[in-house]
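The two complexes that follow have chain A in common; it is paired with chain B in the first and with chain C in the second.
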Partner chain A sequence: MSIVTVQLGQCGNQIGHEVFSALCSDIRGTHGLCSKNENQSYQDSCKERFFCEEESAVPVARAVLVDMEPKVISQALSMAASSGHWRYSSHSHFCQKQGSGNNWANGYCVHGPRHKEAIMNLVQKEAERCDRLGGFFTIMSMAGGTGSGLGAFVTQCLRDAFPTSFILNHVIWPYGTGEVIVQNYNSVLTLSHLYHSSDALLVHENDVIHKICAQLMNIKQISFRDVNQVIAHQLGSVFQPTHPAGGGSGYSRNPLGDLMETLVPHPEFRMLGLRNIPQMPESSLPYSTFSWPGLLKHLRQMLIANAQMEEGIDWQVRPPQPGSSIPSTNKPLHFNTSIANLLILRGKDVHSVDVGSFQDPSLYTSWLNPQDAFNAWKTPRAFNKYEKSAALVSNSQFLLKPLDSIVGKAWNMFASKAYLHQYTKFGIQEEDFLDCFTTLEQVISSYTNL
Partner chain B sequence: MRGRQREQHREQQRQRGPALPAAVGALCRALPPRARPAPDTLRRARFDRPQASLDFWKLLYVLLKQIHRGRWTESDAIGAQVSFVKWALWYHGYRRPQLQRLVADGSAGSRELLLAFSWLLHCPGLLEQLLARNRVQTGDETSLCTCEDDLPKSQEGPSDAGPEDRVDVRYLQWLNGRLRLQWCSLHAQHQEQCKLLHKIHLFTSGSHMDQNLGHFSVTEADLIRHPESYKQLVQLLDSETTQLEAFLEWKQLEPVYWQWMETVLDDMAEEGSMCESQDAHVEKRRLPEVNSCCPWAVKLAGQMDRLSWDLLALQEQLHQLVAQRRAAWWEKAAGGEKAVRESTIPVDGEKVKKTVGMTEQ
Partner chain C sequence: MTQSVVVQVGQCGNQVGCRFWDLALREHAAVNKKGIYDEALSSFFRNVDTRSGDNGPDIYKGKICSLKARALLIDMEEGVVNEILQGPLRDVFDSKQLITDVSGSGNNWAVGHKIYGCQYRENIVEKLRKTAEYCDCLQCFFIIHSMGGGTGSGLGTFVLNLLEEEFPEVYRFVTSVYPSGEDDVITSPYNSVLAMKELNEHADCVLPIENESLFEIVNKIHQMINSGKLGSTVKQSSLVTSSAGNAKTLPEKPFDAMNNIVANLLLNLTSSARFEGSLNMDLNEISMNLVPFPRLHYLVSSLTPLYTLADVNVPSRRLDQMFSDAFSRDHQLIQADPKHSLYLACALLVRGNVQVSDLRRNIERLKPSLHFVSWNQEGWKTGLCSVPPVGHSHSLLALANNTCVKPTFIELKDRFMKLYKKKAHLHHYLQIDGMEQSCFSEAIASLSDLIEEYNELDATKGGPRIDPSRLKIAV
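On to the complex of A and B.
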């Protein structure tokens, strides 16, 4: 079961490169804390998922790189090749000679259709190289211009060409105080289009990762590279091989399918948030000890209180009292109701961990019981030098407030018809905007009424 | 008359002579290894010996289970065996009521069972089906599930939904979504299987002794990796070859067997003509009580029931319609007759009535 990664735009290509680096360095490391056989299985499984073994010893990433300008792609290609441990295929990228203005509509309506055939050819070739296509993983930013528009178009093409494959979109939520003035328009357009084509949207917020870098990783001058490496670490903790939930000896052969089945069966609820614990600078790792109960306690409170990292959690927030039917308006403020949660545990003594605290029915919405809503995947092989690490992929109200805020700001701009000519010029009309607003309002309302 | 018939029978028996045991022997050898009766069982059944009944019930049970891809063990109860065989025979179209009336402990009726066995040989082609089912697998097959095993109607939902306990529609959407995603995973698995099969064929092309095939099958490719399993494969192939040879022998000697079965039928006709008069009102359908051993047969019975109910209802409706039309016509005819009588034109009322009556018919 192989996953084809589609890196879209500047953001997507930079993050994609960091993800493959993180995966590669994890499987080559000696920090596994498990038997040699287990380690070997883990390596083989990861390589089958993300890399293609070729005659040359270096594994080739199963990825398609797409961007309008050549700079970022060639950087990614050369950095990968120079690492000596993995590389990109030399035939799997698509770019144009010059960029094309920072415009969503331009990307969606003009560049997308124009380059559709070339891009889909690359994707098709990558897909055919897999013995089993386990799905697509696209990486892009939500608020960018051409990259986001093109990315939304490419996702649609993927869905048309592969109607039964799993598509997971990884989207980067922009900084609240971003520089691009039309970022809210772009975000609304991207999100609504993705909602129709993909199976799930896994979101990383730039503000949150920035805070993690500043407070947890103690980085003084935060560069994009630092942010991307934190994101890559979090994604790796989800996508590295895990044992399936029902036990069984081997690693799961259907990672995207398993993820989708546990979290996003319902077509209205597709937004996933990711929390990872612990997160600290590599230099501090040897001096730290972790205990599963402590980690899970923090993670659970992070879930309930919608905290973004393990510092500054509001411990006052409690789940509502069980036994009484509480309409959603009476729920305690700031309490984050979940639809479904997936807990991924990696490391030492993982089989003795008690995850009962996550199966509390009061954490979940009333129409889904914890047996259906909660799943835990446990793997004894440690990840990325963390002796114990836990990741929580959550389909919950995490993103309700940010989504509401973006839609609100976009609507205000739309109401005063600001900057609309940039979009109508290339083919996105006001009706299209209205459709997008409707879609997102529906999403917001579904999540609010949990 | 009777005496001469018996003379003829004995003459035919002498002519059949050695051919009959050979035919029965071939027949038994052509059956699958775990379901082979002793030829003696058939002979004893011809004379309706009770000792042969249990063996014969078991034989039919095992054979029918194989046809329907069911599972059985040596220790399955005789009651269950009897019930299954009766249902399965009914399903295949065997409607002889004497079989359905046989006792459930399997202690009698070996001749009836012999009759049923011979019918199975002929009508659904028992031997041919079994030979096809038990072929040595090459691993290159792909299957398409066409079974219509839908859930029984009275399925309990996860929450027994009464008027108060409604199920939230979002939960149903959730379940529906899971089903769809699992289907997508299954689809991907099928694609993977096809792809790997193609790889095997591609990498071994040109290596096969048979030029028409040109490549190895999965079983043959597996043999290369595990050469010690060739012994098992050879055994299986041997067994299949013996069965096929026995089948060919059987096909040549088959007419002898059917002649023999004719004598069995004659015997039964003689004896049966005395009891037949009592069963003048044969019930339309005689089946054992419903149990879970043959869901496919039970489903068929249910469908036939529904069909006959529907037909009866339709017949009722048609009768009613005809009666209404007839009443309407009579009224019209009566009205017309009255008008004619009251008019001044002298018309023969009887003639009119007759004409109206004729058209209505």
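On to the complex of A and C.
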């Protein structure tokens, strides 16, 4: 099944480009550590998912590029074309001239309705090019105006036009100390709207990725390109072909569906975090060896202690003792309770890995059956030159603190009525803001009481 | 890509505007090596086929034929505009973009606003429409004027009003030069306060400039060059005050150095809209992020670095120094000290080879020494543009919505009241058709209200931080 990617705004388009580059370079690589047949099968599966084969030329990404100003899209198109290994279709982008001015209301109330037809036409065409449509993957930031506002509108349109398809929104959370002053307003408006139309939100936080670049990747002068490449690597480790949970030889045919099924058992809980291990500069790879038990031990503790990367993990945090019926409010502080976890393992000796430590019921909330709460997908084909790599997609309290912080700051600003005139100018009123705050306070409350 | 139109009004406005066009050409010449008319150029210039005369059609792509500025030059006396038309920039403007008269406004806001406003209204509207028609997507009007005189102040604010009526969707950014204390125009307080009311009500963003600050910056650079220590290693073309390195060498006139600073301000402000970068900051984003309440739209600006050393091996300590300088008192373009006042919002537009980690590091470093209003503790808007200005490897423009503008306004009010209490020179204004005492009282009331808004915000500074309680959800 194929996935149609919708890249929205500057962030969405910059990241989208890095994602397709990473996917392409992975399948072309010789680091697979598996048989030629296996490799071929992997390549074919990836291509079917993300690329459209043209007769003689390079693969064409199954993507729709949307932005309200032209500079970023033209850069993405030309960079892809000049790579020589893949490209974007020349008819799958939509831009305007003026941008959204970091104004969510402008993106949602003005640009959205105005350009709905044109954008949805492009999406429809891309969907029709798929033999079987597996769903939509949208990439956007929450802080700006286009990705956030227009992105929320487009997600709603996708839901209306494709009621039975899966929609996964990849959302970038901005740096805590501002990139955009009204980012907290834009974030609150985006998240609350996405919660109503999307199936799940997969979140990356700029602060976290920045730390990974600084401490693990040893990059001195970190650029947005570096950040986006780490994000692309993490996404690739989730979305490249995997064998389905029950074993079986072929690659999974329904990646988004499988993801939703394993991770979103309850509609109130849709926020997914992503952790990846190991992460290091490419130059260090030939000199490093990893063991599965080591990797999983770290990853498990990262989950429990809500660590953002494999350095600086707090090993003191432990899950509550099983056997005693502890009401959720008495759980030890800092312990990260999960609803559902998905482990995606790739590389050498993957079938021998023991994932029992993740099936410990004390990791999970009490109202779900622990057997349903955890899944592991194992694939022997290595990813992106890492001999062994593990990705954890988690529906847990990972994002509780950042979400609470964003809502708190936005509320603070809202109480002083600052910047509201910029939103009411385009059609978002105070009552709309209040509705959004209510939705998110509900989400925060639900996650807190796990 | 969007276009902007510059409307330069009065002697000051036109002299600054002239410097702007000169430096804009220099900047594009440095970036655009192939002589192709590209999108960046189109934001301020038209490409006209002049082979068959001045009225040739616009060429939208391909080689540059003749660049024409998207500008309107307005002055009620002919001296300044004539000088521009006889100078090296004469080919950049055509006669249809000029509106001039002979006798000037006599340093009288009322003459500029009421008499000339009325007289030239239709002419101005027609020429604005024509300029707008040449634009594919007009985003912003830049008005350049001074506050203390008659034409720039009076007619300039009349045009501001007009722009709001005729082009309500287009942003209005006003660069206003405020009179200094020792201004030789006695009635400048009247003119400025009358103009302030218009700025309060009709501008989207105002960038106030004070001659004293420009003068101090110019002096600083002179001292540094002549001190002999670093002088010989400074790149001439990098001076924020110079137009060196330009193909059309103009003789330096007295105010040129100071006006170049303002011209550079406008170039840096629009750089992210014209050139590409990893985090774009367009003009509509500036307005959105820096104006929390409609009337509080006065932005204190600072430009760094003021010069570059010719030595190419610039250590990154220099980069951090650039950020520190942007917040220091002597780099601001008005007499103000933002560090000791309250920030409502702050924007940093970085140009050149600077990455997001450099930006973050410096924000973290400088944050503790700055006071931000309680509901906007992380009130930073940032932009990264890849193309540096001429002669620099990187540069920074800081725009602050900060209560440090208050002293400037309070002084203005005091000077106004000194004259007004004695009714000095009032008759020059009141004898103009359309002017009444109420114009004055309304204007001073508008200024007082503005000062009061800033006072209220200042009162919250340093106080205990009480966050409003969050919504409670029934479990």
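Definition applied: the second predicted complex is superposed on the first by the 447 of 450 C-alpha atoms of A that agree within 3 Å, B and C clash if a C-alpha of one lies under 4 Å from a C-alpha of the other, contacts with A are read in each partner's own complex, and residues count from 1 in each chain.
In the analysis below, a residue touches a chain if its C-beta (ideal position, glycine included) is under 8 Å from a C-beta of that chain, and two chains touch if they have at least 3 such contacts.
Keep in mind the model is a prediction, meaning the values are calculated, not measured.
Enquirer: Fit or clash for chain B plus chain C once both are placed on chain A?
Expert: Once chain A is superposed (C-alpha atoms), there is room for both chain B and chain C without a clash.
Enquirer: Check the residue A:A418 against both partner chains and state whether it touches chain B (first), chain C (second), both, or neither.
Expert: After superposition on chain A, A:A418 lies in contact with chain C alone.
Enquirer: Is A:P267 contacted by the first partner chain B, the second partner chain C, both or neither?
Expert: After superposing on A, A:P267 lies in contact with chain B but is clear of chain C.
Enquirer: With the two structures laid over each other on chain A, which partner does A:F224 touch: chain B (first), chain C (second), both, or neither?
Expert: So A:F224 only meets chain C here.
Enquirer: May I ask you to decide whether A:W367 touches chain B, chain C, both, or neither, giving the answer as first, second, both or neither?
Expert: first
Enquirer: Hey, is it chain B or chain C that touches more of chain A?
Expert: Touched residues of chain A are more numerous for C.
Enquirer: Touch test for A:S197: chain B only (first), chain C only (second), both, or neither?
Expert: After superposition on chain A, A:S197 lies in contact with neither partner.
Enquirer: Which of the two partners, first being chain B and second being chain C, lies in contact with A:A214: first, second, both, or neither?
Expert: second
Enquirer: Please state, to the nearest 10 degrees, the angle that the Cα centres of chain B and chain C subtend at the Cα centre of chain A after superposition.
Expert: With chain A as the vertex, the angle is 140 degrees.
Enquirer: Give, as a whole number of angstrom, the minimum Cα separation of chain B and chain C in the superposed three-chain arrangement.
Expert: After superposing on chain A, chain B and chain C come no closer than 14 Å at C-alpha.
Enquirer: Applying the document's contact rule, which stretches of chain A touch chain B when the two form their complex?
Expert: Interface residues on the chain A side: 1, 131-134, 164-166, 199, 254, 257, 260-261, 264-268, 366-368, 372.
Enquirer: For the complex, give me every residue of chain A touching chain C.
Expert: Residues 10, 14, 69-72, 75, 97-103, 145, 175-182, 210, 213-214, 219-225, 227, 407-409, 411-413, 415-419, 421-422, 437-438, 441-442, 445, 449.
Enquirer: In the complex, go through chain B and note every residue touching chain A.
Expert: My answer: residues 168, 170-171, 173-178, 180-185, 187-189, 191-192, 195-196, 199.
Enquirer: List the residues on chain C that touch chain A in their complex, please.
Expert: 1-2, 39, 136-137, 139, 276, 278-280, 282, 284-285, 287-294, 344-345, 355-358, 360, 363-364, 367, 374-382, 384, 467-468, 470-473, 475
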